[in-house]
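After this come two complexes, each holding chain A, first together with chain B and then together with chain C.
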Partner chain A sequence: MTAQTAITHPALEVRDLALEYRIGPDWKSALRDINFTVERGESFGLVGESGCGKSTVAMAIMHYLPRNGRVTQGSIRLAGRDVTDLSPRELRDLRVNKISMVYQNPGTALNPSIRIGRQVEDVFELMGVPAREREGRVRQVLDKVQIADPIRVMRRYPHQLSGGMLQRVVIAMAIASRPALLILDEPTTGLDATVEAEVLDLVRDLRDEIGTSVLFISHSLAVIRKMCDRVAVLYAGRLMAVGPTEETFNNPSHPYTVGLLRCLPSPETGRRDETTLDTIPGFLPPLGAEITGCIYAERCGNVQDICREVEPELIPVPGDSVSRCHFWDRAQELPRTVPEAAPRRERSEETLLAITNASKTFVQDGAPVYALHDIDLEIRVGETVALVGESGSGKSTLAKVLLGIHAPDDGTVIALSGKGLSAKVAQRTQGEIGAIQMVFQNPDSALNRRHSVRRIIGRAVRLLRREGRKETDDRTKNLMREVRMGSQHLLAKPRQLSGGLKQRVAIARAFAGTPALVICDEPTSALDVSVQAAIINLLAELQAEENVSYLFISHDLNVVRYIADRVAVMYLGRLMEVGSSPRVFAGPHHPYTEALLSASPDLEEDTRIRLEGEIPAASNPPSGCVFQTRCPRKIGVICETVEPPLEEAEPGWFKRCHIPIEELRLLQGQPPAEVTADPATT
Partner chain B sequence: MMGRFVLRRFGLALITLALLSVLVFIGTQLLPGDVGRRVLGPFATQESVDALNARLGTDRPPLVQYTDWIGGAVTGDLGDSITFARPVTELVGRALINSAKLAALAFVIVVPLSIWGGILAALRRGRLIDRLITVGGLSATVIPEFVSGIVLILIFAVTLGWLPGTASAPRGSGFFTQMRHLLLPAICLTLVLFGYIARITRAGVIEAMEADYTRTAILKGLPRRVVIRREVLRNALLPTIAVVASQMGYLIGGLVVVEVLFSYQGIGQLLYSAAQNADFPLLAGGVLVVGAMFQGSMLLADLAYSWLNPRIRLAGSG
Partner chain C sequence: MAQPSHSAGGFRLTIPQATRSQRWQVLRRSATFWVGATIVVIWVVFAIFGDFVTPFDPLGTPADVLNRLEAPSGEHPLGTDELGRDVLSRVLAGARQVLTVALAATVLGTIFGTALGLVVGYAGGIVDEILSRILDAFLSIPLVITGMLALTALGPNTLGVIVVIGLVFTPIIAKTVRAAVLSERQLDYVTAAQLRRDNGLYVLFVEILPNVANVIIVEFTVRLGYAIFTVLALSFLGFGIEPSIPDWGLMIAQHRGYLTGGIWWPVLFPALAIASLVVAVNLVADSISQAFE
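After this line comes the complex of A and B, so read on.
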């Protein structure tokens, strides 16, 4: 292609970019003073929380702004060419040949009524590839993104493919023209960790192979860290820090970066009984807020008087980085927002809830779907049990069975504090319903939009307690205090609240009837990291105060490691491994857990165990061990013929696998049992 | 999959039709009580009433009557009209052809016009033309046909004299004369339908324009023309098809009013006079035929909809 220009110019150069959105009659500043350069062949990350403007940057580069957006200043140069004023023709040419994009939600990024093959072929047609060569090129490029059976996939419609497969197709379309710049906007958000790992590997391989430059946008520090050479941290439409990834994260020179990193639970930070998670106080300023001085001053623990008067420039700092902070050298001395001491709690060996021999079979189109099979699980008083596994593993079905939303198959026994519990919620007493409550992933859909906070919580209190008006009101206000919300929010409607506050309302509602067990279904995965930390702290505090038990469904293993006392790993409706959290994370692991753990973006690629293929359909589970179709450690015919039982291989540790524990230890490169016998090493 | 879907949908239509036939039968042949008396009036002699009942077969037990009637219906014999003393099938058939002409003209005008209007409104969202189409269409929808019909007659037939005020062309007129006569009633129907269809089209187009896949298509570098035609319209027109089909129901109701107003010998007019004259065999046969037509068009619309929508067409084969 245009080799000469490519050598002399960086792939992307953004200079002094400023952008505004019109909201009502006013234009509000959404991006200001954005400066960064993506060198040829480089992977550049743009990281920040929601509302920081990272997708807006991408759309400005693609020249695809919503109708109410406009660039007011600055230039965007692609291989030396300014793209801010191009004719429609040049713009199309640019999009066809030079720059492509991969989006967050592959499920909606493809046209539902056009076959995959046709949609990919478009790209070649636009590039001017003659008609007879196109099909071959489509096959080639699908091959390149490691789609096993391109011909079959080409004939499919989007709804017939899984999310991971669709994202491969979108990536195929994006790399077909070997673009100079590839923009990936949250390409793995919403995908399972195992699929995410595969997609990230793929992007890395392709980048190395075709030498394209990558602009990688994500809210996930771990993903950015894994994928990018350099990174820019964005906050409220401004760059806070830019530098090499290692330097930016290991030796941060901006208080915001320091704060973000502290919010994340990691294997190095202690567990919930040892330390709280630090958080970032306050909120993102509203779009277009006129702030003199440092835009982060409101939330910064290092703030000085000068910060509120003079806005810092992007100051060059050691390590080839820049930081927009007057006191960059003190960034890492940032005081903690939340006291480190974790809330103390009582633990008990008493069983709160036991579900035995649980199965759930749905009937779909006349055929049975085995959503749950042979589940035995106990939750103790005041304990947190985490439920992990890919989507489709049956986690949510189990939650719904416990809540009585789905009636399990005959033979299933659910007992609460030793007393049998009806399978259907309609047959449970008021007290039993109040005893098991739920917090959902998405508070938006769980809260009635038209009601005030007071009404939402008050209604739950009234239903579950049936007390007088005064008691109900007192309890409502009490709950608000418990979830650390001020009374100024009592009359607010959900839409006036931030995601974190909405989730607090949902939690308050779940606690309305003093529950014994709260099922938390991905309670923080729709939230930003700083908000996630605060919610996790809150859940931990509430547990300490109320001695409540949690069933904590999550795909984020770092969060699970931090909060859970015990972990249950599910695959295709079965429990594959159950044990104390330190034990499950320390290993030896069930082969499925091993694969899940190694899918974490924190790890380097070479240590990874890849999971082949996708989770099989629950309507037609594999014979023998249900994991045998994907198991990297499969030992032979026995795996295909005999389903292993969930057996207690060590006291309190259960696995469903034919491989004996000693052998697992050897396979996974762990020292033999004698050495790890000391529980302190966990 | 598609085959099974078609079969199931077809079976459903048949069941609905059978239910309808029972209802029609009860409504027109059982509920009126003594049919002969209702037809001949209170002053007829008992003998002539009995004779009529015997001739119509309404003196037999209801079940026999029904099986006889439905058996005839299946073989194309719906009995004779009392007022016209002619086979019901013949009368209904002729009226249907007339109505079909009117309905076809109305559809030929309204479908392209309103879809085009809806697309235009969507592409010029928030501008004057958009407001004209949406607000204008909505206002026209709520004006009853007999009001708009009379206004149309007053303006175009009486004052300006451009178009005939009655819909029936003289016997043996050519195609264009017939259409000229049908133009005013067709416009009258168009006024009502335009707003609905345009609004649904507009909403569908806007939704598709904002969809992620449209963004993908634009950022792929597809020309705007192609994006609109292939990405947007294909997905946006799906709901429109469903709406157009569901308006068949309205059209039949609207036809009664419009045909009576423009004194046009269509099915609406025929049913209206049958009801007025207590011509039960004609009424029953006419309603049954209209019901069958209605079911048939809904069936076609469903099939078209699902054929265009791969998610339905391929359901179960994923």
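After this line comes the complex of A and C, so read on.
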């Protein structure tokens, strides 16, 4: 590559790309008419829901398609060089020197049985770096991804490092060759928000430093918005809109972008009692579906006759953008698909469930692991309590203790409507079992893939209600209606249903025995944005109709802000802060809550505080306050020696922190006193 | 515990999984499968109708000792054996013995092994620990030797061979099924069943069993190949089979002494029969396991 061509050509140029997968005997179109350009030094985002073809684009660029995939048309030019017809040798050179990729799961990107140092060294060996220089280069590049102690990390095996650290190592390997193009495919999706924030900062710094072009693939609009200069919105294997990030999101010119943005609750959206979330109706068309006209017409609220007949081109629109929409100028007038009026519900102060003095100690390899410690929490009738915290903070353990799957330690008291509840599900009465049910994170795992919808829901109805065959069948159909599913799905198997429908079936099952409390463990995080909104609306409606309480476990603080009445923040098996949702989001916050809030990718750089390091092991919690090892507001020795109690610092607001509330207010730059009384304005 | 609670499962490069009809399509388009299946079907036909299609009585009554050890000829295309019986007829009819015994033994082993594997995998904990060690202990004993010992004690009879091979296969199949159940048990639908306090047998046989059926089918076809081999090895060694019944292993055993005298046909043809059947069954097993993965 001569210097001259390097200057004249953009880093990546994809023209008219079309691609097919063979499913069974047929070739089905997966990408069509993909056109975009990534300029040198630019961050380009590719956003879309799952199944839209984002990863397929990346694989095509890497020339690394699965065996049942083939490019049928178009060109992919890296710095002016077409990569679609390279010899194996040229391809090797390309992957070693010009282009690197970081995958979603760093745990599977590294070889578990080879030390980190050796794996990073391999990259330099491939690049032809002489053996004696390699170790130094490895140290340098690990330094570059801000790994504090590279020598120590080099001696480790992958399983000895945390997810965030592994992703740093993978990024180090990717930038080792200073590639012209770095592809990041959902690089932070499996990571905690606090870790995600760090990794995103790192990627940004690196891009500025080594000037590489970045193709950033993500389903998260917030992450793309934060990271990218320009963005392409992908839907069903076609580009819907391409343009500068600001323009695309703030002044969208395609109804799909408008719809996606409306599905996401944000700090500006009202809370669940004020407004519903808008959704995108319908489903992604199946792979290879032959559709005349606009592929999005089926789901578009602005659809006209012409949309079903003529497929629009990518039309240039103001703001240096293009949009595949005949009526791009009307995109933002998209009518709501869901009435704005939120379901009305009654709240009561009556306690439904109280768990007091709860702790849970597991024994692992003979050593105790303190998964829960000193938990006091009550859930009122008809209320939603959100449980937030990083992974490993004990949220799921607490849920399992309430459900009777894990027996808590002695001394724990769980009371349902004032009556003591047995620790194990086996000792609870039928009524008590039906009263506490669960909606799982991933419906693919929660629904038996060999059973029909009728059997999945019907079995729960039969066991939790013990009525006759006819009543069971009626109740099953009734539940289907309640989750807005038609009886045509009764005989369907889970794989015949979309992700959203599957989660509806799981919700119907949880409501089989007229529950008083439904524990929702990340019920929307495995779902696409457009589906997430519909599920959250459904949960809100069911709550209004059935007066059920929710314990809502989530890492998505925007969803929590929208749906929760109260929020409980957990860290290392302890409750750090409990209070009404508006109060918790308004502050002053517990320092840990403050850190969680500032990890959100919605925020600007300078409003952030950063958490150092990883959550400590529950088998060996720090002395004093468990958060003191990472606390940005630590005040001194007292934090290291005395564990603060969970105290009621304001009526209805509890914190586990030595710092007085007034001081927190000052530290967090909030105006003193009164103002917090009206949290809705923040 | 301490598992990342929000590893968003939905965002991967998802190439749709093959459904049942697509699996059948993959099988149908596999040449390996068709070659294997055709040979197996031919042998099954001979096993069922052997007596009607063989040119001579495979039992060789009345004995024709005058024409013993005749080389292949127009009348006896594969020659005759030491008692003057037609080798072709005996090879064709011999399919019945090996197929029935091997099939019955594999079915037996699969039923026991599946039941055991389901229970061990689902129970977990100390039950799993103890039973798994016992299964390992059984696995460490060589197959043919176990069979010989048991058959010496039981005396030669077909039922004995079936039971012995079935029992020898049980721990092998149980281990495979156990592994499948262990990963299945992690899934939330099993937790959901516990949350409605569902009956253990329902969870095992209605919830979990259909989801490990693929593993069992693959294991069954692979085991069938081994069973054929084991049956023949035992009969070659003289265990389990009455000498008059046409049996490939026994035929080879009885005539291998004549090889030095240049009389190869009563050994070669049953050996070819064995090879074709075992290879065919393995071809089918391979293509099935490929289609199911």
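To be clear about the criterion, the second predicted complex is superposed on the first by the 669 of 682 C-alpha atoms of A that agree within 3 Å, B and C clash if a C-alpha of one lies under 4 Å from a C-alpha of the other, contacts with A are read in each partner's own complex, and residues count from 1 in each chain.
FYI, a residue touches a chain if its C-beta (ideal position, glycine included) is under 8 Å from a C-beta of that chain, and two chains touch if they have at least 3 such contacts.
Note that the structure is a prediction, hence the values are computed from the model and not measured.
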Are chain B and chain C a fit on chain A, or do they clash, once the structures share the same frame? clash
In the overlaid three-chain picture, which partner chain does A:Gln441 touch, first (chain B) or second (chain C), both, or neither? second
Tell me the contact category for A:Gly190 with respect to chain B and chain C: first, second, both or neither. second
Have a look at where A:Ala618 lands relative to chain B and chain C in the superposition and call it first, second, both or neither. second
Contacts for A:Ser75 in the overlay, against chain B (first) and chain C (second): which applies, first, second, both or neither? neither
Given the touch rule stated above, what does A:Gln668 touch, chain B (first), chain C (second), both, or neither? neither
With both structures superposed, pick whichever of chain B and chain C touches the larger number of chain A residues. C
Classify the contacts of A:Gly51 with the two partner chains as first (chain B alone), second (chain C alone), both, or neither. second
So, does A:Ile23 touch the first partner chain B, the second partner chain C, both, or neither? second
Clash with chain B (superposed arrangement) - responsible stretch of chain C out of 149-157, 167-175 or 275-283: 275-283
Once the complexes are superposed, what residues of chain A are shared between the chain B interface and the chain C interface? none
Chain A partner contacts - residues on chain B that touch it in the complex: 211-224, 230-231, 234-235, 308-311, 314, 316-318
Listed in rising order, chain A residues that touch chain C in their complex are 21, 23-25, 50-51, 55-56, 59, 66, 68, 104, 163, 186, 189-190, 192, 219, 287, 362, 369, 371, 391-392, 395-397, 403, 405, 425-426, 428, 430, 433-434, 437-438, 440-442, 444-451, 459-460, 463-464, 495, 499, 509, 512-513, 521-522, 525-528, 553, 555, 618
Would you mind writing out the residues of chain A in touch with chain B in their complex? 62, 64, 88, 92-97, 100-101, 103, 105, 108-114, 122-123, 126, 157, 159-160, 170, 173, 365
Listed in rising order, chain C residues that touch chain A in their complex are 1-19, 22, 25-26, 29, 187-189, 191-192, 194-198, 207, 210-211
